[in-house]
Amino acid sequence: MNTRRRERIIDEVEAASWLEDGMTIAIGQPTPMALVRQIIRRGLKNLTVVDAGFSLDLLIAAGCVRKVITYYAGGGFGIPVMPAFRHAAELGEIEIWECEEGILCAGLQAAAQLLPFLPWRGGVGTSLPEVNPDLKVFTDPIKGETLLAVPPIKPDIALLHAATADMYGNVQHYGGPGWIDLFMYRAADRTVVQVERVISNEQVRADPWKTTIPAADAIVRAPFGAHPFYSRGFYVQDNEHLREYSSLSSDFAAGRTEGMTMYLERYCRRPPTHADYLEEIGIKRLLSLHEY
Amino acid sequence: MNTRRRERIIDEVEAASWLEDGMTIAIGQPTPMALVRQIIRRGLKNLTVVDAGFSLDLLIAAGCVRKVITYYAGGGFGIPVMPAFRHAAELGEIEIWECEEGILCAGLQAAAQLLPFLPWRGGVGTSLPEVNPDLKVFTDPIKGETLLAVPPIKPDIALLHAATADMYGNVQHYGGPGWIDLFMYRAADRTVVQVERVISNEQVRADPWKTTIPAADAIVRAPFGAHPFYSRGFYVQDNEHLREYSSLSSDFAAGRTEGMTMYLERYCRRPPTHADYLEEIGIKRLLSLHEY
Amino acid sequence: MDDYSIPELMAVCLARDLRDGELLRVGVATPVAEAAVRLAHLTHGPNMELVFLGARMNVAHLDTIPMPAFGWDSRAVRWAESYSDTGHRFDRLKDWSNSVFFIGGIQVDPFGNTNLIGVGSDFRRLRFRGPGSVGTATLSTHVGRYYIVLNNHNRRLFVEKCDYISAYGWGSGGADARSRIGIPGGGPKYCITPLCVMDFAEDSKRMRLKSLHPGVKLETVKQATGFELLVPDILPTTEPPSAQELQILRTRVDPSGRLRRG
Amino acid sequence: MDDYSIPELMAVCLARDLRDGELLRVGVATPVAEAAVRLAHLTHGPNMELVFLGARMNVAHLDTIPMPAFGWDSRAVRWAESYSDTGHRFDRLKDWSNSVFFIGGIQVDPFGNTNLIGVGSDFRRLRFRGPGSVGTATLSTHVGRYYIVLNNHNRRLFVEKCDYISAYGWGSGGADARSRIGIPGGGPKYCITPLCVMDFAEDSKRMRLKSLHPGVKLETVKQATGFELLVPDILPTTEPPSAQELQILRTRVDPSGRLRRG
């Protein structure tokens, strides 16, 4: 008989061992980059990813992705569309399950509530049901209105980043969770959350309303784990690093692949752990990303 | 041009002036009793109430209610069903829109999301769609499963109780909001929240995730406003008072109406303000209801 | 060891059937179920999670988990680690297969369907108006299993057919009674009363005696039940509380003796 | 007063149309709209609420509301009073009739339908893959009104027919283009570009010139638009920023001069 409460802290290598080729993986915001890099390090293939922006682009460039469930692949830094995503999409190398923020929420919530669909009005009149035939236009059974029926979007695993958690998987954010993170958590079979800091269970119980994810399956310690993105309450985005990536990604899409190969090698594949990655970035750069 | 931000604090008399005979009123948990007593004081009639337990019973006994949207009218103190509710229901004096917690959530959420219905599985196989024909059994358009279609439940106004709010209507609870309160807030045309204490806007901004209701239409200062119920972080339930009420209510249902008439007169109709009600209860009793 | 009350026996019996790691949802005014989850948490459930008033907690580290100092006391949130489903009670039904629930009723039929709506043929003029369904239609649809826990055992309660069904158990019977209408939860496992424990036959899902409480006669149960109960060839006696179980129950769960008086 | 940039003119023009008490939702990478809501908040919107990155705030009390120190900087939450819809972004669509939004596009048609999906006849092999719809399908369905804000004005952008529609504006036209398919929001009000402001004719809901920016010729706009624009009999010039507006914009909203360079 196990007489103690089970602790849920594991490292990023063990967390990534839960993943397999072909799985559906939801990636939250701010991006759990330590886990994303671990996916690339493991060389996973044929993933379906529910993702947006930079991490989506990086996973595509690294060859991990077969299918994308996304509402946005914009870039920033004057790049309206992430280059590796755009390139792969235009060549038909990835399949795109076209959706939109409200539709994505409805699909994740349908999965969370074990419903075969949820109705949604946003998207009626648009091309979305035409380019994504899984979205069915239907007539509601009560008032006869025209709506979209959104089927469940059911990730095998959700990978999220947060400020803090206790050793039992109670996650508390600073400054709120990413807008889609709780939907991903509710819909996914399992949830792994990387955190800046592990706090005591007593700290969690001092403010239980702050607990945003009550029972993550695993917690991974990952200080600076969202780098090059921000983590509210800890550090801001590393714009210099992201600008550099954007330029490499544009080159990659244009057939000049060397820079991207080096980036993936240097930052994702070679460092055996997250700590080694941080060493590569350098403590000076990291400390320069202070919040205020 | 108004150059200042509008403040939203009003008193309970002004709040009750927003109500009219025949309206649909959602009443949260813990119960906003200062506002409920004000409804009785005003002698409102033919209300449809989304409510449960004690306040539902009291409003029925006071003759304010025509229709009840409820999932639970239990009592406590060994009384499985609230007496005035039971009596009025058995005589057919009130109409009951029979539902259940999950169905109530779905109906309120449909209203909040401007959807003609939301699907729900809980209730399939039960008598609920038979006793409440507004709940339609239908076949889902994607997988052909049998579900209930729950139509919108749309209150004209939600009356809620909370720990604190700032003068701009940002509400923060201690120990979480009542389980149904946020659904009521999202579905109702307007929301009035009575609070134990008004706090500064700076206090709100120090922890914005704690804000449970971002823009209540009005805030009513009502210390001890949930009495005889609890208010987390402030006081516990006044069991003595509730036990006394339960006995009066049972007498009332059995035709011995005098005690209830006196109760309504003494606690609801005669005190012109919430402060006068508290005077009637007495400061000693109130201070004895400390939390720890 | 026969110095125990019937509610104590029922609580111990339920506690033994709860497994570590489960999420236990306890409804209003069910002291036997409340005691059962606390007892199980202390004896063999360090990874159980208890949900009271929407507050989710693990309190195995407490020396005592008294009643009613929490449960239906608003101060229960003192121990909370979070609110069930982040304040949005039905947002994570997917995970409810790991949840356990306890249900009451004003009528129960041979297939474990239960009624909290009322008694009488005309819904607009019920002979007895019940309290309403609370969350039981949704809970009974989704939880991994549930227990029907009753404080009485008589023919008004155990009826051939409920006037209304507020929680679907095994419908009109059959092992596929739930799956054929797409209901995912595991359904009622046991029905426990002051007289006996009943389960549901594997094939027909009709209610069947499982054990008689010490001192109770089969004939008594049959006469108190308004439909024909299946009776197995071997009918054991409900195993009484052990000395250790009783000690934990009385000193750490129910020191004020609520269940002893009940 | 002609010392202003085109983005400054556009921001001032939008700001004037925003009303106190409205909730302003600004999407990613739209500096003109970001500046507009801040300017309006300071000049005539003490009860406006601004939503950036899900953080809802009222910051009229601040001396300056600089860009980009918030908006797309995660530190924006410093000023938050709550998260939009308590972290559940689409739980209160009912109230979105009081919301205003700003939308971009890679194609816009005569009825204000917009495309963020891509260009090309084969969706599986687009000639240009766009960024995706973000939240615009839902926003354009529910907000009280929205503005189409574009940094360019050319025939690739203004097309007779979008290859794909990601946000439904006025469909195929007519005053009932939205109501007849049950879409509650008020639809696109203006389309603003570096050349002009356009609205939608009351009856046909076809795009119509409303004003030309100072110095812009009608012929220039016509040639840069891939469909026939309605032109009113009286075609005014867009009113330039006042000295006061420019001063507030430059000293309190955009001190670093992002819009001047743009």
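The first chain written gets the first letter, and so on, giving A, B, C and D; residue counts start at 1 in each chain.
The rule is short, and it goes like this: a contact is a pair of C-beta atoms (placed from the backbone, for glycine too) under 8 Å apart; a residue touches a chain by one contact, two chains touch by 3 or more.
If you're wondering where the values come from, they're calculated on a predicted model, not measured in any experiment.
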Exercise for the section: Treat touching chains as neighbours and tell me the shortest step distance from chain A to chain B. Expected result: 1
Practice task
Would you mind telling me which chain pair, A-C or B-C, is linked by more contacting C-beta pairs?
Solution key: B-C
Fill in the blank from the handout: Here the gap between chain C and chain D, centre to centre from mean Cα coordinates and rounded to Å, is 57
Practice task
Return the distance between the CA-based centres of chain A and chain C, expressed in whole Å.
Solution key: 40
Practice task
Compute the distance, rounded to whole Å, between the mean C-alpha positions of chain A and chain D.
Solution key: 28
Fill in the blank from the handout: Two or more other chains are touched by the chain B residues 113-114, 120-121, 145, 175-176, 182, 208-209, 212
Problem - Where chain C touches two or more other chains at once, by residue number - result: 55, 77, 80, 83-84, 87-88, 90, 142, 184
Completion exercise
The residues of chain B that touch chain A in their complex are 113-121, 136, 138, 140-143, 145, 147, 149, 151, 173, 175-176, 208-210, 212
Completion exercise
Seen from chain D, its contact residues with chain A in the complex are 28-29, 54-55, 72-75, 77-78, 80, 83-84, 87-90, 115, 117-118, 123-142, 164-168, 171, 181-184
Completion exercise
chain D residues touching chain B in their complex are 20, 44, 46-47, 49, 55-56, 58, 60-61, 77, 79-87, 90-94, 142, 184
Fill in the blank from the handout: Touching chain D in the complex, chain A uses residues 30, 52, 70-76, 80-82, 85-86, 89-92, 98-103, 105, 120-128, 130-131, 145-146, 175-177, 179, 182, 212, 230-232, 236-237, 291-292
Problem - Touching residues on chain B, where the partner in the complex is chain D - result: 1-6, 109, 111-114, 166, 168, 170, 182, 186-187, 201, 204-205, 208-209, 211-215
